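Labels run A, B, C and D following the written order; every chain starts at residue 1.
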């Protein structure tokens, strides 16, 4: 069916997100170089915090400080980063459970090469120099021995 | 089929921009109010059914996935309905089916739109290849239909103005309504800019952020709720966007849907037996058009109901006591607000816009090119 | 749980590598075949419901076009879920429980070839914390795969073996990683496609099919969204849906699992407590062909077809969301 | 630093590659040559311009035969657009109309190049083509009045 026409279609939107109080406090802290989590009624600490306990839907409004270092619970390697991802050079995606947190967060680990990645390794947050109040203010995690 | 009733209703404060909340915060505002109204918590709910219009409005693909925990759905069935503008109504109907089919005892249903996350006008009119050029936006589609209606019915030109003034005055009595225009008058509407001739600016709906939620329950699971709104009947009908000879002004899908709805509830004289209706009127002229489509007036005479005052708060068939879509339009939620407001009327909880003694109320939604219809009838008395 | 006897009596699918057709052209022959195989037309159908996602083509209201090829005149009872077609089938099954309608047409369509689907799917994620990072769907699959490997639930050798069997081609752990620890063979094969299923109730089903695939149970459940707030090594929502659908101890001859990644097969088999005697994904599943938004409905179709063709019992599974967030389980049987 | 974070921008950009499908491709190829055609439903005999994959009313594929249609037609309804919207290129005000081509059984939307006050339901119009033809209905620049007497309401009332 070579006579079928094809044409590009560009989907482009500048979505604007309003954060609400809980996400707003997390992003404000992040912009200021700190990490916080949300404490649920059962005492679990959710990082990044949601306005609700993911298990029950109950409101979460108490925010508590958490460490800026933690443990990689799983990871994969991205050899060719796509536009918009945290790093332009090859990096790892990882779930990182920060010290003091009961859930893990998704972010990039700037490890240089996959051989330096290992489940259970410790990593520490590296903040961008210029921060604006988005999750990308956390540029990446770094393997702890190298940070 | 098991009986089903509305036992909890919640709405957000609707506004052009709800910059104070996240998407989850918006839907939770409605959901938590509905639960509080029913005297329940998330743990009392068996399933969640969520609806909204296109995902491109907020740029979240299948947002029910992200919203599952915000709505206490973890460990439960969750569904996401999308039937264009009728979706708020269709979503409530899917939720009611879960109860009526005996699958669940209590279902939370939520519909929302946060149009300020993008520009909805833009989202509705992207340059998509190979399609006929979109030259006039949403009003450009519906304005020719209004012109056709006026030509066919011989309606006088002030009908659209009268509907607008009525709905905007009603909205002043609704604490959740978005657009509040206390100084509204025939003259103000008439002098507002003619956007898509014959449709004026004040004869169109706003673009809103908002959500609505309801708790639907089986007869044996009403809890402490003593004023449930019983679902007497619900119906959906769809027809193609366009075909040769299609009547776009008075679409058959809407007529068939209403007929089946009345038959299901044992209604033989809808004008007399239905006390109040919340009808999806995004452009004021759609009130008379839908009056005919719903069988409340003979063909080409729907406008007389408006001019005679029958559709006003003091008339015999008040239409849109809430102020309707003309006053509040979070697209995906607009249909559910109609369904919820109908339930509020028969529960006697509509406050300042309550129609005294309402026993049977209709909720109506439509979408697409006037091609998707969803309706329900709710009653104060158990069927 | 529904009490009315409802069966899958017909199934048709079209799956191609990259379709030059629009959604209507893709759907029309599938709908005609699903109906025609049991001698029906749209006029005989009580309820019609579909599943699709606007974002596959990036175009709002894509599903509205489908009404052009449904024969929706006189107007029909119709609905649409912005989900895989398997969840549309759930809506139809619920609707038929009412007893006033006897047949339903369920269909789904999806053309991932139109765009960078794995990247687009990042828009499924939490729009504050995850979506702005733009992680692609393959990377998320790989995070769960590593968790499964670390937990000893599977091995890279097993992933290669599963992938080889489903795809019908030789595979090896010497192939390079696509997203470590996943090799390309362990990831879905994106396809364009459409599928349709006809449901019928009671004696109507017996009249339409010599061997209807009766729905014994059907349930679905969802888990927390965040990948870090739930287990990636145990599919809790599949376990819950399996209990609801009566899948545990069901003794299925065949199980069609909506496993988009090879490691999801052992994970799901464990959640469903499948015995060794159950044949898993004889159709090849999503590793061989993944027409996104249609794949789950195809699992129901293939499981039903196994019953139509002689199997006593079959299980179908469908999923939605990143890393098996939401799961549907259906048990089917001959009677 | 500064005040609390309450919102942020989240830009999205994806490029899709969209096929027109054979039905639309055939029609747009003709349009690119300055030619229009319709296709007939084998069941109800109605002629669709532009052709659809199937007759939405009957659900059957249209007959493949390309039927010539005239470039003249009747305005069945219209609106006067006074409001600009995103992506709109026309000079305000302009007339957006449903036009039933002679020989077709379904109206399609397009522009009428005339003083808004002179446009009526039933107005007879003719297509004027753009200098730059391409595979898009924008190859028709606009429809202009033919000067014929208006079509009677009964001639098009089934197409509203």
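Structure notes:
The definition used in the following text is that contacts are C-beta pairs under 8 Å (C-beta built on N, C-alpha and C of every residue); 3 or more make two chains touch, one makes a residue touch a chain.
As the structure is a computational prediction, the values presented were derived from the model and not from experiment.
Note on connectivity: the fewest chain-to-chain touch steps from chain A to chain D number 1.
Of all chains, the one whose CA centroid is most distant from that of chain C is D.
Chain pairs B-C and A-B differ in how many C-beta pairs are in contact, and the one with more is B-C. Averaged C-alpha coordinates put the centre of chain B at 32 Å from the centre of chain C.
In terms of their C-alpha centroids, the spacing between chain A and chain B amounts to 38 Å. Centre-to-centre spacing of chain C and chain D amounts to 38 Å, using the average Cα coordinate of each chain.
Between chain A and chain C, the centres computed from C-alpha atoms are 30 Å apart.
Residues of chain D found to touch two or more other chains are 6-7, 10, 12, 14-22, 24, 28, 56-57, 135. Multi-chain contact residues of chain A, defined as those touching 2 or more other chains: 1, 4-9, 11, 13-19, 23, 27, 50, 54-55, 134. Touching of two or more other chains is recorded for residues 19-20, 22, 56, 58-59, 69, 73-74, 122-123, 126-130, 240-241, 243 of chain B. The touching residues of chain B, counted against chain A in their complex, run 17-22, 24-25, 28, 42-43, 56, 58-59, 69-74, 116-118, 122-123, 126-130. In the complex of the two chains, the chain D residues touching chain C come out as 10, 12, 14-24, 52-54, 56-61. Interface residues of chain C facing chain B in the complex, by the touch rule stated above, are 1-3, 48, 53-55, 58-61, 63-65, 67-68, 70, 72-83, 87, 90-91, 94-95, 97-100, 120-121, 123-128, 131, 219-226, 229, 236-237, 240, 320-322, 325-326. If you check the complex, the residues on chain A that touch chain C are 1, 4, 6, 9, 11, 15, 17, 19, 23, 27, 46-48, 50, 54-55, 73-78, 82-86, 93-95, 97, 103-108, 114, 119, 134-136. The touching residues of chain C, counted against chain A in their complex, run 20, 57-59, 114-115, 119, 127-130, 132-136, 139-140, 142-147, 150, 177, 179-182, 224-230, 232.
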